[in-house]
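After this come two complexes, each holding chain A, first together with chain B and then together with chain C.
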Partner chain A sequence: MKLRPFRLAVLGLSLLIPAALCAVVLFLVIYSGQAIFFNGLHFLTQISWNLGDMYSDPVTVRGVQVPSGANYGILVFIVGTLASSAIAILIAVPLAMGAAIFLAEVVSPKIRPILSMLVELIAVVPSVVFGLWGIAVLVPLIGHYLAPNGSGYGLLAASIVLALMITPIIASTLLDALLQVPRENRESAFALGATHFEVVTKAMMPMVRTTLIGGIVLALGRALGETMAVLMVSGGGLNILPTSLFSPISTIASFVAGQLDSAQTDSTNMSVRALSEIALVLFFITLGVNACAKLLSTGALRVRKRA
Partner chain B sequence: MMNLLRAGAAALAITAAVGAVQAKADTTSVPLVETGSSLLYPLFNLWVPAYTASHPGADITTTSTGSGAGIAQSLKGLVNIGASDAYLSDSMVKAHSNMLSIPLAIASQAINYNLPGITNLKLSGPILAGIYTGKITKWNDPAIAAANPGVTLPDHVIIPIHRLDGSGDTFIFTQYLSDSDASWGSTVKFGTSVSWPAVAGGLGANGNPGMVAAAKANPYSIAYIGVSFADQVAQAGLGQAELLNKAGNYVLPTEATISAAADSFANSTPADERVSMIFAPGAQAYPIVNYEYAIINTHQASGAVAKAVREFLTWAITEGNSMSFLKKVHFMPLPPAVVELSKAQIAKIK
Partner chain C sequence: MSASALKSPRSAHELRRIITSQIGWALCGIGLLLVIAPLLDIVGVVAWRGLSAFSWHLFTENTTGPNGGLLNAIEGTLLITLFAMLIAIPLGVGAGIHLSEYGKNRLGSVIRFMSDTLTGTPSIVLGYFSYIVMIIGFGWGFSLIAAAITLAILIVPYLARITELSLQQVPNTMREAAYALGAKDSTVVFKVVLPAAASGVITGALLALAISVGETAPLIYTAGWSNYGWSGHFTHSPVGYLTYVIWTFIDQPDAKSHALAFAAAFLVMMVVLAINIGVRLTVRRTKFN
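Coming up: the complex of A and B.
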């Protein structure tokens, strides 16, 4: 009886988060409704994006008012988002694993807290700082030594900047997990004559696989939604799919940020609705990626239990 | 005697205090908020401290958000002054008849290039349209060579850089291409964001600082950059192109050529002042020149707010238009005839 107010309060607070999420989704769906109707499925499959001519009279297409020439296709941005995030994960995971294993196994426990704090510090560096570093250092380096046409802006630059931003997220979750592995497991593996490498790969890594996947999911969430840093180094690809690591790209989040200002001058408001439809797509992509990763990690859990 | 003196002093003090209160009441501060164009933002930041110093009680907050946000927030009544590089479109005015576009100053734009060893490049609207649509891909293209006799142009692919964020610079650049090149005018058209044709090697950059950085980092690139960034452009070692104007002369953006363009429009600017000054007719007129606008809702929250807005804007287009402010951001003052038109529009703010 005494606990009731407490329970109610906790229940209310815990419902607040899903309620906020539902409210955001509901708002996006309602707000972009007209755009979803106007765009149909072409939205996801077309590569040309045009806000239309806002300085001539709006036209009526399928019963909706839109700027003349308006055409919204976001395939380029979906591909840019998935490609840059995937490459960023490919770069970040080995780096993060190396860093975490080094900190857990090689570094003496006395200086480990200092080094692990440094890793965590990188995770809180604002993304605009990474973007500036990208423009000032990374882009000229890529342009000078790697890119065939001399431009360092594009998929590779965006992926590397993203990779650096997410490496500490994966590394610090993995490090925590590695430090939790019971001493008995490590020591019995050593007692069986395993080398240090075998101890890490056979006795420790299988125990932290779930956490590793969890860390990767967190990192992927950040990479998919990163806006500012990508905007600064991606080269802003438009109306063309990337064909190489050096092609300019746009990601969904950075593209919305870049177009929002112009969209606000559209008297029919369709541009803003189309951008909100893009946000909805990003939401579902993130949701899908998270769901996949959840499935993967429970799968991994089951395998481990069976073994 | 002492008592009398003391009484006198007290009376004096009281009068002084009352006077102070009255003085304060006269200039009751009405907080105004300005938001919008990142190109106008540095100028507002020069204006506001000077205005506040000479007008006690004035209280103006400035923010840099982008021209589109300036228009949208002024429309919704969230801010008093929306700053925009672009005037309101016809459809916008039709939908919101109480919105004014009031010129505050004159800006322009340079076409900058990163061409090692070349400092005297001449370009035209059709050449730029060719570059930005991918029809002209190399610097030694016959069209560029024809405009630059005697210049040894490199056999190198051109990297055209455009703004990937919505921008008044994109607006006036694409207007120049639309006005001077028929095929651009019928396909890509103009706006603060356009659907840039895919050009192999073409790049998008974020903001004018991003344009300068991208042009500097990419030899053989070309970019359009607001003239406020002239100092950064010079530091980056970029070249400035002479542009073909309507009269058929190649001109650099200088105080003289920018004023020539503005003067040629001074008498043809309509009462609502929504006009493009791109591709001006004067013999020495620089072709990419524009009015920087305050986007104002005629219905302000109260009479006091409207009065404060009127006073500030009037100051901005008179004392604020002195070169001591404008020179720092490379803007030019409004011609006298345009100042009168702006004053007439300011009088409509109620």
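Coming up: the complex of A and C.
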């Protein structure tokens, strides 16, 4: 075979992407090695996150130097991440379905591009701006009208902001799918005497169900990894499991983002390693969720071709 | 059957179906309203409070505190974005060329899958990776180059996929015609395919630019923060950036800090929205997602 320098060059460039991904996983694993060894499985099941006494001499536990009294458990953050994402999905799915159905069936094709552009624009607003809006508008609203203790920061605020951020992902996936439903299917449902709304709910929605679920899982992946907006409105709960919608929480991502100072002051570097272990956990959670979304969306394609 | 026979009174069942449908449509409409209203509110609130905080000294003074301006943050955001794009565009477009032109095989699908995985990785994880590798490992300290590389890792897979999509839309007959004239691989790509797909590639680069201007999480652990303008060093010298001002100054108790946060948010939001609206208006028919 002839040597083709240009092809080799662009191949080299595109191999940088897998290389970067592998480097991310590899270095997070290597760096968190000692922490994984020190924490064991308690890491995932313990509630208390304690950096230990940074000013006294470090102690050696199981051959690893740690600040005395240090204990790293991330159950609180796992629960915070899952709870806020789950509630966000519960809020976002009905809203996104309503919006997509309305856009696909009621709005005239002339103004549909404008409205669907508005929906897509929500997805590009930087998350720190969402957080700012959350602090300035949403948190006072919740604190004034809903929260018993008068503080709006917490699980509900985080979930609502997350819901707003992921709604456009679900809505635009569903809108695209609804617009692709073959004319014949709609017309046969109409011919059976179904009302327009019944055509949508009973004939069209079942056809796009898999695509919808794929969109929801994709949105879940985004919600789990969302950092800044959650960091700003979640109240930064630590060492206590959330008990109500108004409890302060931390998610895995927001906790990592907020821990820069403690990472810098620990002379044994153990907290940096533990944070690296958290980042690794977050990486694998989102990897799993995104892989599910991918599988679902390729499955959806197969169904549509057969139909 | 005459037309009047069809107008027989509706049965209770029929009536219930019609009412259910009406309620259903109303709920869907409310759903759309609830999705769009917060966007308008966000834009409105940020624009109103951001504009009322505007003055010339925002652009002439450094961000030394509540009484300062935003000069070094604006400069930092521009520099980080500029260097991130300088790194990312050649890599991303090159990778896109490979995926589109020579990537119809198993290796290509593996790269595509890994690229999508990297896009789906939370940006804070990438930021933390850069922290342990570049800041601690290489000993660069908080620095411009670490921030730019981190953002580049974030946007390269995105650029690669958009480049691939737009190159795919160039008809194969154009490639065949060029090859038939005896053109080399690089001539075909640079003189025929890329120019034909230029608008798509430029669109991708602009959207990537918007992403890097609005990102915060990957910069916390890489850029650090500085009260002063860029020192001219790529390493060992932290840089300020606009999104940092937003999330830290809003936590301060005084109104002047809040005003600065809103002014910074206004600048960031305007850049991001202007790019996205501009791109969507010019490339109506093509969808990049």
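Please note the rule applied: the second predicted complex is superposed on the first by the 265 of 307 C-alpha atoms of A that agree within 3 Å, B and C clash if a C-alpha of one lies under 4 Å from a C-alpha of the other, contacts with A are read in each partner's own complex, and residues count from 1 in each chain.
By definition in this document, a residue touches a chain if its C-beta (ideal position, glycine included) is under 8 Å from a C-beta of that chain, and two chains touch if they have at least 3 such contacts.
Worth saying up front: this structure is predicted, and the values here are computed from it rather than measured.
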- Look at A:284 in the shared chain and tell me whether it touches chain B only, chain C only, both, or neither; answer first, second, both or neither. neither
- Where does A:238 make contact in the superposed view: on chain B (first), on chain C (second), on both, or on neither? first
- Quick one: classify A:153 as touching chain B (first), chain C (second), both or neither. first
- Does the superposition put A:49 against chain B (first), chain C (second), both, or neither? first
- Task: Scan A:97 for contacts with chain B and chain C and give back first, second, both or neither.
- Result: second
- After lining up the shared chain so the two structures overlap, which partner does A:115 touch, if you call chain B first and chain C second: first, second, both or neither? second
- Message: Let me test your reading of the model: by the given contact rule, A:37 touches which partner, first (chain B), second (chain C), both or neither?
- Response: neither
- Message: On the A-aligned overlay, A:260 touches which partner chain: chain B = first, chain C = second, or both, or neither?
- Response: both
- Message: As a test of reading the superposition: which chain, chain B or chain C, is in touch with more residues of chain A?
- Response: C
- Task: Go through the superposed model and pick first if A:250 touches only chain B, second if only chain C, both, or neither.
- Result: first
- Taking the contacts chain A makes with chain B in one complex and with chain C in the other, which residues are shared? 135-136, 231-232, 257, 260, 263
- Can you check the complex and tell me which residues of chain C touch chain A? 17-18, 20-22, 24-25, 27-32, 34-36, 38-39, 41-42, 45-46, 49, 90-91, 94-99, 101-103, 110-111, 113-118, 120-129, 131-133, 136-137, 153, 156-157, 160, 184-186, 189, 210, 213-217, 220-221, 243, 246-247, 250, 261-262, 265, 268-269, 272-273, 276-277, 280, 284, 289
- Under the touch definition given earlier, write down the residues of chain A that touch chain C in their complex. 4, 6-7, 9-11, 13-18, 20-21, 23-24, 27-28, 31, 94-99, 101-103, 106, 113, 115, 117-122, 124-133, 135-137, 164, 167-168, 171-172, 195-198, 201, 221, 224-228, 231-232, 253, 256-257, 260, 263, 272, 275-276, 279, 282-283, 286-287, 290-291, 294
- chain A partner, complex, touching residues on chain B are 65-69, 71-72, 86, 89-92, 94-96, 157, 159, 162, 164-167, 189-198, 200-206, 210, 213-214, 217-221
- Item | Complex contacts: residues of chain A adjacent to chain B | 48-51, 53-58, 69, 71, 135-136, 139-140, 143, 149-153, 231-232, 234-240, 248, 250, 257-265, 267-268
